[in-house]
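Dropping the structure in here first, questions after.
Just so it is clear, A, B, C and D label the chains in written order, and each chain counts residues from 1 on its own.
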Amino acid sequence: MAAITLAALNATDVPGFVAALDGIFEHSPWVAEAAAAHRPYPTLAALHEGLMAAVEARPPGERIAFIAAHPDLAGKAARAGSIAAESVFEQAGLGLDRLSDAEFTRFEALNDAYRARFGFPFVICVRRQTRDAVLDAFKTRLANSPDEEVAAALAEIGFITRLRLVERVEGPGAPPTTGRLSTHVLDTHKGGPAAGVKVELYEVGASGRARLAVRMTNADGRTGAPLLADAPLRIGTYELVFHLGPYFAARDLPLPERPFLDEVPVRFSIAEPEGHYHVPLVATPWSYSTYRGS
Amino acid sequence: MAAITLAALNATDVPGFVAALDGIFEHSPWVAEAAAAHRPYPTLAALHEGLMAAVEARPPGERIAFIAAHPDLAGKAARAGSIAAESVFEQAGLGLDRLSDAEFTRFEALNDAYRARFGFPFVICVRRQTRDAVLDAFKTRLANSPDEEVAAALAEIGFITRLRLVERVEGPGAPPTTGRLSTHVLDTHKGGPAAGVKVELYEVGASGRARLAVRMTNADGRTGAPLLADAPLRIGTYELVFHLGPYFAARDLPLPERPFLDEVPVRFSIAEPEGHYHVPLVATPWSYSTYRGS
Amino acid sequence: MAAITLAALNATDVPGFVAALDGIFEHSPWVAEAAAAHRPYPTLAALHEGLMAAVEARPPGERIAFIAAHPDLAGKAARAGSIAAESVFEQAGLGLDRLSDAEFTRFEALNDAYRARFGFPFVICVRRQTRDAVLDAFKTRLANSPDEEVAAALAEIGFITRLRLVERVEGPGAPPTTGRLSTHVLDTHKGGPAAGVKVELYEVGASGRARLAVRMTNADGRTGAPLLADAPLRIGTYELVFHLGPYFAARDLPLPERPFLDEVPVRFSIAEPEGHYHVPLVATPWSYSTYRGS
Amino acid sequence: MAAITLAALNATDVPGFVAALDGIFEHSPWVAEAAAAHRPYPTLAALHEGLMAAVEARPPGERIAFIAAHPDLAGKAARAGSIAAESVFEQAGLGLDRLSDAEFTRFEALNDAYRARFGFPFVICVRRQTRDAVLDAFKTRLANSPDEEVAAALAEIGFITRLRLVERVEGPGAPPTTGRLSTHVLDTHKGGPAAGVKVELYEVGASGRARLAVRMTNADGRTGAPLLADAPLRIGTYELVFHLGPYFAARDLPLPERPFLDEVPVRFSIAEPEGHYHVPLVATPWSYSTYRGS
């Protein structure tokens, strides 16, 4: 629900500008204050760059203090109820508030190790991550040098605030904040789209997989709406399962009772949350190919 | 261990012929007696056809009695220790002697239903079946008419005795009793075989999957020996898992930290135990295709 | 240029209706007269069906006379200047007016053989045909029985008049009269669309090939507008040539000086003039695949 | 026809060694003389390296004189009959002795330009080249610096003498002097090899194409013997044409009268004369893929 326009932001006075952006950068109204001086911004992307430039312009110590103003991820603060409302909302989709006790303990241990090493809490834009990707990021970033890690944390704050900004402000030239996962099924046995193929999408993690969507292909071999859209794609591993067995059985071809291909899994990872992943299946009862398409 | 030659079988007297083939057709020396009259057999396949023809020549009631002389599959007889030695050996590979109590109960119930319907025990060449395929066959064959089922049971006895015969007798023109599953990995990013790719083979059942083999591809992108060979392939569902992630990482290409393709599963079914299944993977870091090849 | 609307046609008197459709059915105003009685027509497709039904309702002899009212294809009449304006226009795209003397002689001979066999001129909707397809159709149809050939000729008149109708009358529910040929190029070496690939389209005939279009792929690996559209596709054989050599050379990969793939020809035929043919290329420097897609 | 063994060469005296290798290095018995001192050679490859090392050990001026002792390619010398017997034999396969007058003039002009630039004749191992590749090499090498070109000419003399050596001397460890081109056709519509597909191989040049081979695929979808083997593959561009139309028509599938795929051309280049090129076709009536396989 965008509550204000970019044009209004460009036109208002500095206190109004700061108030309108309150909460986008946590506990740090000085970011908006500094960025206000460089108005007007022609696009939302330029506005976001202006805000981040205000952070980058500060000396190292202040940048670290700025990072430190962010809450722990799913940490003690969360239990104590002190995470800002938006952060909680952002984390909800990931299920971090439904951590088992063992997982909670593990997250806490990683959080503590991180804070001990860098002196500030682990910040990550959870809306761009699966739970497994968050754990991987913990491990990868613990190996960073302090300078690298400050840069990594600021990049994540950039992702967090970019999302908050486009939800708060309406205007042209929005920075990319959504990705898209789509598929289609082509039957090269008959030379046309495969209609009526059940397609399932799973998120695959270390501890199992969870089904995110199930669709039937339409007359054009597509699923209508994309499988994922209108939000960042979460970095992580996925599996599409194409139910070719019933589809080809319905075509009444001379195939073995136990067909060569039945449920065809296609496992792949998403690394670009704002990217477009088109993962089609080109198939016969005896062969298939898939690729990252466009 | 072939203990006798076809030439010797063709030359010996009838009692010697019957003795040499003892146990191939369970409790039914009359099969060999009848077939002895049609010697000489030019090939092992012809000998086996001659033996089966002796069964087919009998009136319906005797054919049913012949089938009924076979032991129950994993049934009460097995518990009582009365299955012939070869049958036990044949079943070992399938793991039927490691049935859980629940599974044992289920098999027993199917066995009882089958016997109640047809009046003879369920006969199947277990060496050509995965455990899940045996269960599927129970269900499919329970729907047969009595005539269809007699034909199905005799066909299975044909498969069982064909295997026993080629293990007992040495000679030219053996009937087909072995299948082959092979793979290779081609890297169309570099235009050559993919060496050093870990490939796993799993049997996939309703209750999970079990790893049957793990290999590394050689300089020619192949696994040296086939994944399965020298025996019938078991009818069932399988999964090959190709570990492309480490392979392409070792090639030091500009790929995302979380690569699009890492573990590539290829799930397929085998329906022809004596067939050749070549299931290759033609891949880049962003695409792959597979097919039943030759 | 649609000069009249379906609504107006439905509302006018019979003479007005007949006058508005004059020339669509050559020399046969009675077709429109008969169809006028069944107004109103809800769609253009229904109007066309109504007109064709008027022809089908006539006894065999009249249907043959109706066919015989059509001019010879590129025959003596053409030389003498007596073909109706629309027919000449329709033939122009095919190049039939640029026949060499030898070809002209051949067409005349086929025309004469056809007329001798069936007693009426060879009618074909040339806008749905390449020149080679017309020749093939001559040969195929000469083998028809008289009844089959009357049906074939009426079907062609259906195609001709359907095209004329949608050009003359505006309204909802037009019958299909256009096809589409499109392509795109995907680079599975890098995992994205291939931009800047030169793509040529040729018509391939017995005596050579003629280039119909040349395009460069855009950032999405597509050619912008389809290669062919807004008209029936001509039945015939085509070749797409994808210039992969310069494309991959520009990516500066470690490839041989003489690359494995340079100009990649994809030869295919179009059999459905009103169909959609999407013929993509999915390629690396060492491999490619293509298919009739959607 | 190997006339002598490596063992005998290792054992003979120096004059015998030089005599046995006479003509391999044109007009330069000193090469063999120098290499004789380093005997015994364990392999043919080592012997050839020893001979080339004797050339490389000479000062620049002598290396150039050594190159200059080679005849012009198809030049004035050829007309005058002064090319050594082996060179003429080597060139025969390429058809250089059948040059048209215009081509002859062009080759002469390139030869003259080359000699004017470098002071020695253009040397190339024609048995590793198509005619078009020789022309390309002329152009490429005219752009070399003198030092680069001396290296290029010596490399070609290495290829020429390697071929002559393995034809003259028998022994272990021969250097690679042969390549292989093979294909197979897989029908993924039916899930098995495509038998009875006509496959043609053409050499493609600037002025047209010439058919080198025509084969029918066997029951395994292969052509029996490779398409090219037992000699170096000639650097150049080729086209395989797979006649899928008649093959699928014989399978009696519901396809259009004018099938989507009929003659499928696959155009590719060979850059490694001693390499193995396997170029298969994996096809349905509506799709195909090809790649450099192994």
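By definition in this document, contacts are C-beta pairs under 8 Å (C-beta built on N, C-alpha and C of every residue); 3 or more make two chains touch, one makes a residue touch a chain.
A quick map from chain label to UniProt name: A, B, C, D = 2-oxo-4-hydroxy-4-carboxy-5-ureidoimidazoline decarboxylase.
This is a predicted model, so every value here is computed, not measured.
Peer 1: Does the chain B and chain D pair touch with the same residues on each side or with different residues, judged by whether over half of the numbers are shared?
Peer 2: same
Peer 1: Going by average Cα coordinates, which chain is farthest removed from chain C?
Peer 2: B
Peer 1: So which has more C-beta pairs touching, A-C or C-D?
Peer 2: If we tally the contacting C-beta pairs, C-D comes out ahead.
Peer 1: Quick check: how many Å separate the C-alpha centres of chain B and chain C?
Peer 2: Computed value for the inter-centroid distance: 55 Å.
Peer 1: Whole-Å distance, chain A centre to chain C centre, using C-alpha means?
Peer 2: A distance of 48 Å separates the two centres.
Peer 1: Return the residues of chain C touching two or more other chains; collapse runs of consecutive numbers into ranges.
Peer 2: 188, 191, 260, 282, 286-287, 289, 291-292
Peer 1: Where on chain B is chain C touching in the complex?
Peer 2: So the residues of chain B touching chain C come out as 188-191, 260, 282, 284-287, 289.
Peer 1: Would you pull the chain A residues touching chain C in the complex into a rising list?
Peer 2: 184, 186, 188, 191-193, 220-221, 282, 289, 291-294
Peer 1: Sort out for me which residues of chain B touch chain A in the complex.
Peer 2: Where chain B meets chain A, its residues are 133, 136, 140, 235-237, 256-265, 267-272, 282, 286-292.
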